[in-house]
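Letters A, B, C and D name the chains as they come in the text, with residue numbers starting at 1 for each one.
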């Protein structure tokens, strides 16, 4: 990228979107070349994928998936804001969904309340599982990256134990499931008939995004969180308690992670089964990176990701390897991340230049040269 | 020779000339930010001059990297130590010079040999982390010697040393000078300079303003050369001191992280409303720790801190700030600012729980912006707006922003650590003026500074700190920088 | 001026005397062997010390060890490498591809080269562009997984008829130290108390290894030697400790960081190759790494950023995993007994050192471990499977504060911006 | 020195393996569901959606593919579309895949694997004119879905019998991939079969990963270690129901097998003796438990073509040749009479095999 382009990009909001857009274009270009090399038509791939959006329930599926990814991305981004790398969203969300399904299936409560209790349980379980990493980090100095990776594996074991038919599971044919949640505990969606049903919790996800934005940008807590992430030393001098922030940030991230599994649990599956989806936590990491931890960026990132996921299914129909979508995802993340870094640097230099231009104090020094 | 070095927005060196004779100790004096370190880095090949040339023994050279300078016999001990804590002494010394004596037994023997010259008495296999400041400095010198340098640049080597250590260092330097080594010696401490140097070059605002003979020149004359004639005097004549105690510190004691040493040792002090209490001391004698302990960033083992009637001994940093303490930290980039955040976000730091930037748990961004603009206006922060990142401002303007922020919200007490370090004359005068104004309005100020003129000019009373204790009081009306300097080094018993 | 109070003497902290590293390592190994032998004898769970278990442990630890070595090299130069998993995946693909075409040694080389390509990308992002190391690592793992999927659809599927795996690779021979191995086998089979356990442990190490295992083990001392005993290694480590100091002494920090991260990738790729070339493997298989790259990183942290420690960490992982795979919950259960023995030993040591609190905690931990052992007779399968992760977490929780990462690990470095 | 193979299995060689005699009874013959030989189904458009692994997994997806291929060659079906699931995908991806087949006008649509159940339940009611075949699961209350279920435990019983007849140490092993109810059916049948022959036989059981962690189907290294552990403790016949991890088990068995003390592996789902990817270890594959997904798929397509879905068995069991054991390699030729005796007993209902361990 040339300096001229970059400077043109750095002007405020426009730059904030143009840089990642260029990076995505670059990623798409690279994938196009890969397709050409393997003898497939990039144009066919693209038009098939775009065309797929209007097919069947794909549009709704994209929206539903994006909502799930969004919550996961926000959970990761919340930690990232404080330079905490919660790799454990995966384990947190799965354990939370499992326990919430068990509790939800066991309880009989009036509508709304039933749903709220399930949500609360999920939030608490997610926070508690993240809390182990938080405590280890805050009091024992264990890197949260390593501890959450270990906790992910342990969560898998715990879940397997919890849904054994002799604990809380129910055998259903060849599947094991928790006791299904009765309708009173479900979260209704909006049906579009043939085109599918938008999960009710999509709106909760959107609200979460707003809450995230408000929390980080408009509250004292958010400020302290970002300050600790940017400069722990300056934050300490400014009266921010680093240990407390670490604990709270990871707990909040875990609480948010606890919600990741709920849209599908409460709106579609109603029980936690052996087929319960996995991998949303890892996707969340990628999406937080794509969206630069910004609620709007993360939203765009999750939509893009969901589009690539769902629309790629159509590639099978035209004989293009659908793995190209995965490559696209990988390359985008790395290209966007690098683009952000380049823009950040140019931005600072440009600002410095503007500062010097604006300050007459620099003039005598400049004149001396 | 005619060295010029420009950084974006600042000319660090402008047409500087410097002649150093073989076998002399050549001192370089100048204010903070005058460009001394930059010049030395150019000589050492770490930075490239924009103009000018360097000659060694009459032939022009051009160092593109430190290794080329090393080859030409030039070595440098940096102002901030360039050592790796987790490596051993031997590894620190060997690094980059492995080709000389390998990295095995032969090298170790050589190091042991040279260690004597520098007065280093530890096993080369010791991990560096276990060494004290003086020994670290010896390791730095050892590094230079090991490379066979004949010209040694010492950038502010004494700033962190206690007087005995300074004496030992000077003995080493003199011994080596006798062996034919040449030294470039940088220091702010003029009496030291006069004690060790054979020639002195003074640098002001990036230019060399002349040389002096240390035997003939007085410290006062040197200081005048350094700051030029437009020397602003930080004088505070009319007394505004009241008898209302604002800050009372009693018996404050702080142990070092390893628990073995007392970094602060029974500190008692009181600052009254309208009073500026200056703390003088050579760096590393506990001033930083004192300030950070009063701010609640370090937990004292014993002692009490009162602000007015409030007992803050166990309060956290934010509580102390809320109680009315403003804090200008000594290192603004590490402790004062969020570099990549806009100015208005920096306005919030430390005030996040108080108006005008916050209402309850919520931030009030419009009010924050307005108030930041007020600071920019009142404190003459040179910036196109409050949206630029703090890192884009020059040091002086960053400092004005920090001082402006800390004086906001009418604090009862301002703790100012080196408030004008590395700041230009104009900004310096402005900061002094603002402190004076606030003091007039009843602010209590605890001032820590290495700039003795600032300390004497601004303070109503001065305490001298040495090895974690307040060892002496001085009256700024009568004390001279020389007397103060003597007390700081413990030489004025 | 007032008079000055007398100056305060500052007593220098007495230098702490420590055992040399090799002695501590030997002691720790001896203690581990002793605990295993005693536990095996007292619980009758002889799988704890059988040669088969040790061989399993060796096979299982090798990919982890190699990935960990990769992490070690990068982090010693100050670059955190969370992309190990991705580089390992690329290594599995590269090893399978080259192995199919050119044989065993090409497979090893191919794994290393493909891993190194991932490392190169990581270096480009982190060193040249200053991208956060963890961010880049995550991105590379994503990319590695996607790329290999795509490539195997493209290249392996036409032959293997399955997009998720490569065709069958040529088999790998195993080797043993003979006739020592047979003698030890005789002793082990005779089941003499203690002697049989010792023979089993020793025999497990000396028999049934592949050339790559030898290479992997050789890389541990080799890494130590290069990193701590050569000029290149010294410079490389200095970049991880204080790059600005290194720069001021004429070390090319960028070059060393690049070298370190590329080597790191190559080692992770070798880890992938070790997985592919394990006897009993078909070749490349999608998702076959199963998080071993991350575990390698954990083993490295466990090992305090040192080769021998890393070896211990991955051995622990491989051992517990091998044990639970071979002998299931009962054997892992017996390990609890061993853990309580160990805790008691530690408690006694702390008592001797007069650290009452530490001794108390260790004793309590021992009591808990013993109580659990006594009150149950197996560990649920679900937990036995993840015993290695649990053990790692517990050990980190206990020991993390004594760990010392390289001082500049994970920090951005820009030439000329230090002071 | 280079190892020459074998030599493992230092365990006890309990000579005293008391074996019950094979039951006697009327010989019952399996009758696969009939597909008219001259049937022409070229007007059918068949869509098939595989589980993770897809065509070429040398296991049950491949079996489904074989059924499809047979329909192609025998019934003249030409318009075929195959799609494959991705690892860890969510339910809506499966639904979209099925919907693509529906929208493409395919009928029948065959979904391979119980993971498709929720997706089928969702898609099928909206496409009443499309016929769905669902392998390994039922979709209750949806009339256009035909469950294609198998009695894995019956087939596993027979290979359990084979194992008990072949073991010299009276000690056999079971290596499962992931501890799901489906795999537990294999375990249950195997154990009952082995015990039926030798009541005091020792049976080791190991699952590589617990339910929910699918890595156990995909880790040959761990499969190998698990098998090695059982071999070392004395087992000499191992039944590996572990997906791709099974290949690791077979290679461990092969490495331990010597002419003096042969060790055997038992394959699963398809005839693994014929598996190209296992060619190097086929000589230790005693037999395989056949889960005739091919039979089910083929019969189902035939039934759709003749519109006689009610003719399909409720469960593909021994009686209809829906499960069975493989004979390739001839390693069970000597015990075939006993195996067939047990088979008749099961078909005849004299022995019932429980699907629960």
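Simple rule for what comes next: a contact is a pair of C-beta atoms (placed from the backbone, for glycine too) under 8 Å apart; a residue touches a chain by one contact, two chains touch by 3 or more.
A quick note: this is a predicted structure, and the numbers were derived from the prediction, not measured.
Enquirer: What chains do subunit A and subunit B have as common neighbours?
Expert: Common neighbours, subunit A/subunit B: C.
Enquirer: As a test of understanding: of all chains, whose mean C-alpha position lies farthest from that of subunit D?
Expert: It is B whose centre lies farthest from that of subunit D.
Enquirer: Counting C-beta pairs in contact, which comes out ahead: A-D or C-D?
Expert: The comparison resolves to C-D.
Enquirer: Suppose each chain is reduced to the average of its Cα coordinates; what separation in Å results between subunit B and subunit D?
Expert: 77
Enquirer: Can you work out the whole-Å distance between the CA centroids of subunit C and subunit D?
Expert: Chain centroid spacing, subunit C to subunit D, equals 38 Å.
Enquirer: In whole angstrom, what separates the CA-based centres of subunit A and subunit D?
Expert: That pair's centroid distance is 39 Å.
Enquirer: When the centre of a chain is set as the mean of its C-alpha atoms, what distance in Å lies between subunit A and subunit C?
Expert: Once rounded, the distance between the two centres reads 30 Å.
Enquirer: Do you know which subunit D residues sit against two or more other chains?
Expert: Residues 84, 179, 210, 213 of subunit D touch two or more partner chains.
Enquirer: List, in ascending order, every residue of subunit C touching at least 2 other chains.
Expert: 163, 382, 385 - these are the residues of subunit C that touch more than one other chain.
Enquirer: Using the touch rule from the top of the page, what residues of subunit A touch 2 or more other chains?
Expert: Those would be 156-157, 160-161, 164.
Enquirer: Could you please write down every pair of chains that are in touch?
Expert: A-B, A-C, A-D, B-C, C-D
Enquirer: Within their complex, state which residues of subunit A touch subunit D.
Expert: Interface residues on subunit A, with respect to subunit D: 55-58, 61, 64-65, 68, 156-157, 159-161, 163-165, 171, 173-176, 194, 196, 264, 268-269, 274-279, 309-310, 313-314, 316-317, 322.
Enquirer: Which of the residues in subunit C end up touching subunit D in this complex?
Expert: So the residues of subunit C touching subunit D come out as 47, 50, 52-53, 55-56, 59-60, 157, 160-165, 167-168, 171, 173-178, 185, 188-189, 207-208, 275, 278-282, 285-288, 290, 321-322, 325-328, 381-382, 385.
Enquirer: If you look only at subunit D, which of its residues touch subunit C in the complex?
Expert: Result: residues 1-3, 8, 10, 53-58, 84, 87, 179, 206-210, 213, 215, 218-226, 228-230, 232-233, 244, 247-252, 255, 276-277, 279-280 of subunit D touch subunit C.
Enquirer: Spell out the residues on subunit A that touch subunit B in their complex, using ranges where they run on.
Expert: 217-224, 226-227, 230-231, 233-241, 344, 347-349, 351-362, 365-366, 368-369
Enquirer: Okay, in this complex, where on subunit C does subunit B touch?
Expert: Listed in rising order, the residues of subunit C that touch subunit B are 1-5, 7-8, 10-13, 15, 229-231, 234-235, 237-238, 241-242, 244-251, 404, 406-407, 416, 418-419.
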